[in-house]
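Below you'll find a set of structures to go through.
Shared between the two complexes below is chain A, which has chain B as its partner in the first and chain C in the second.
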Partner chain A sequence: MNAITYFPGCSLKDSAASFERSTVAVMERLGHPLEELPRWTCCGTVAALATDDLMHLVAAVRNFERAQKIEAEEIVAPCAMCFNTLRQVAMRVNVDVEARDKINAFMNEEEDYEGGVAVRHLLEILRDRVGWDAIEEKVTEPLFDLPVSAYYGCTLVRPSGVGIDDPAAPAVLGDLLEALGATVVKTPFDTECCGSYQVVDRRDLAVDRSLRILRAAITRGAAVIATSCPLCQYNLEEARRGALAEGMLVEATAPVVAYFTELMAAAMGLDEELLPADLRAAVVRSRETTPEGV
Partner chain B sequence: MPRQREVSTERLRERVEEMSGEKLFACYQCGMCSAACPLTEEMDRLPSQVIRALQLGDPTVIESNAMWVCASCFACEVRCPKGVDLAKLMEALRQIRLRRSLDWISLDELPRERIRELPQIALVASLRKKAG
Partner chain C sequence: MTDEKPTQIFIMGKAYDVPPGVTIMDAMEYAGYRFVRGAGCRSGFCGACGTVYRKEGDYRFEFALACQEMVQDGMHLTQLPFTPAPRAAYELPSLDSSENVLLQYYPEIARCVSCNTCTKACPQDLEVMEYVQAALRGDLAEVAALSFDCIQCGLCAMRCPADIKHYHMAQLARRLLSVSASPVPEHLTERLKAMASGACGEELDELVGLDVDALKERYSAREIEPAAEGAA
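== the complex of A and B ==
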């Protein structure tokens, strides 16, 4: 089987290193090894939305050119933000020849990008190519009775035509969690914004949004919130830390925030060192309270 | 000078439509975008009021904080019954200011410790949206 061309993005090499470690390990275990895109660069982080703002598309197109060079037809990103930015740009430059020509003329040190590279999120690969049954087969330590909130945020499901699932009622992350044996906790905030990059100059605003997401999960008994975006992860953890310090939340009920691939690693019995201590503790706790034979 | 104002009004409308690729008059002011937006509490004008101001060619809309509070979450876009992508209108308004070198944030104004603790995904996204 051909290896999957993998686009890590900057966060997975730094603030979200455990996202990358768990991603690589679970894909290996599933028999779909990842091969890192050679000489990848930043995706651009956010998609340029103005029709004449071609300059801000260059970062993404440069990566498509790298993929073209190794004859990869698709690149796969685990980071929801990279995925969203890359897919929005691909949807534009794969069809808008005039825009592509201008960008190619600007990137004169690279070969011309000719269009045709598809962008997929890792969850799409898991759903459409690996399949939930194959994942279930590799689960050796099911997350029985672990209540997990499937938090999608924005970039997995919006805008229309870009997201990987129904923006009003997405199922992909919940289906994955069920394959791992977890109990999916639904909240009205599953596809609400965490505050995103507003955390830079409006920390109050991002913390407020993220606290609402945490509280909705707490009210419904979630022990873990599963994420797919390093920025959501940061904002939720930042809000959690602050609220614990101020006594607005208590440790016993505040959900652990974890990447979906970390939950996969836990269920597949992969090296415990892959798991952050708080997630490992939450998994152990739920196993201790599960009655025999369940 | 009413005449001059009329011209600039028309140009703001045209410019925003051109940059966003959206039709301002498709909006019939149902207010769904304002209901969907998670950040209206912080906005001096509601998202639907921003479109209304653009329809009327009200140049003061460019002074609103709405486009800087908008996080491009697209909650409005997926709910608009008329298919208007408000996130793109907000981007056009940001770009109009940024292209006049009117940055909304500057790295120099952020405390050093804060820059150190923020992940790059937040910093790069924020600066791409709020600085030219």
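== the complex of A and C ==
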């Protein structure tokens, strides 16, 4: 089987290293090993799409050119933000020949990018290529009754036409969690924004938004919030840490924030090292309270 | 000059006939320029002689070290021997390399749009943009490896549309790596200790007291490699 060409993005190499470790390990276990795109660069982040100039698309296109060089027809990103940025740029330059020509003329030290590299999120691969049944088969330690909130945020599902599921009522992450044996906790904030980059200069705003997401999950009894974006993860964790320190939340009910791949690693019985201590504790706790035979 | 046809170059817009097959630096001196700054080692190591040129009919800039690159007919050139690019002040031993220190001291690296203009400007042919990308993800070892042959000429920073100070940043990366990952050289530690407690003090004082001619004499008579033991 051909390896999947994998685009890690900067966060997975730095602040979100556990996202990468768990991603690589679960894909290996599922028989779909990942191969890192050679000489990849930063995707440009969604901020690159905020201005109407081609210069900010160069970063993404350079990655497509490098995929083309190794004859990869697609690149797969686990980070929702990288996925969103790369897919939006691909959707533009794969059809907008004029824009592509201009970028190619600028990147005259590389081969011309011909268009045609597809961008997919890891969850799409899990849903459409691996399939929930095959994932269920590899589950050795189901997350019986672990109440998990499937948090999508923005970049997995919006804008429509770019996102990987129904932007108002997405199912993909919930379906995955069910295949792992977890109980999905729905909240009205599943597709609300965490505050994103506002955390840089409007910290209060991001904390406020993230706290609302956390509270909605607490009210509905979630023990874990599953994420797919290092920035969502950061904002939710920071809000959680701050609220715990100020006594606004209590340790016993504040949900653990974890990447969906870490939950997969837990359910597949992969090396415990792949799991952060708080997630491991939450999983153990839920197993202890689950009656025999359930 | 020999009977060989001279090479015509343009220095800051003025035409000069110079001997073919000489370096840009030699050609400039031949044309009457005297280097006070903008030349150092004359061997491609010090990075003092950064030069930009364009060949007639070419839309692109080319970048070179004046002491290394040969003149070509129709070369329009100027030196850019210095780049005003502030270097961050830091206390190396107190830096925590578990954090992304590079981003902290050179936050402009986050403005990189991967345009690769820096790479095109590097007279050492380094993958400059790629080490900036490695810096963004905190990969010190990769930054150090890719920037190892940097001679700090500064042309990358001069060309960068994002105002990144690539070469200073990479220097910090290499320093951090040497502090955190390389073993402390024993002989150096010993030597520094000895010097701190007064070794070589007299010899130094003597040198400081010498006049220029005496210094020159000493310099040319110096022993570069001490003769190996037992050798003739």
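Points to keep in mind about this one:
Note that in this section the second predicted complex is superposed on the first by the 288 of 294 C-alpha atoms of A that agree within 3 Å, B and C clash if a C-alpha of one lies under 4 Å from a C-alpha of the other, contacts with A are read in each partner's own complex, and residues count from 1 in each chain.
Throughout what follows, a residue touches a chain if its C-beta (ideal position, glycine included) is under 8 Å from a C-beta of that chain, and two chains touch if they have at least 3 such contacts.
Here the structure is a predicted model, which is why all the values come from computation and not from measurement.
After overlaying the two complexes on the shared chain, residue contacts for A:Glu109 are found with chain C alone; chain B is out of touch. Of the two partner chains placed around the shared chain by superposition, chain B and chain C are both touched by A:Gly44.
Between chain B and chain C, the partner in contact with more residues of chain A is B. Of the two partner chains, chain B is the only one that A:Asp201 touches; chain C does not reach it.
Of the two partner chains placed by the overlay, only chain C lies in contact with A:Met55; chain B stays clear of it.
Looking at the shared chain after the overlay, A:Ala67 reaches neither chain B nor chain C.
By the document's definition of touching, both partners, chain B and chain C, reach A:Asp14.
In the overlay built on the shared chain, the residue A:Pro167 is in contact with chain B alone; chain C does not reach it. Of the residues of chain A, those at positions 10-11, 14, 42, 44, 48, 56 touch chain B in one of the two structures and chain C in the other.
Every residue of chain C that touches chain A in the complex is listed here, in rising order: 100, 112-116, 119-120, 129-130, 133, 136-139, 161.
By the touch rule above, chain A contacts chain C in their complex via residues 10-11, 13-14, 39, 41-42, 44, 48, 55-56, 58-59, 62, 106-107, 109. Residue ranges of chain A in contact with chain B, taken from their complex: 10-11, 14-16, 42, 44-46, 48-53, 56, 79, 81, 154, 157-160, 167-168, 191-193, 195-202, 205, 209, 230-231, 234.
For chain B in complex with chain A, the touching residues are 18-21, 38-39, 42, 69, 71-75, 77-78, 85, 87-88, 91-92, 95, 105, 110, 118-130.
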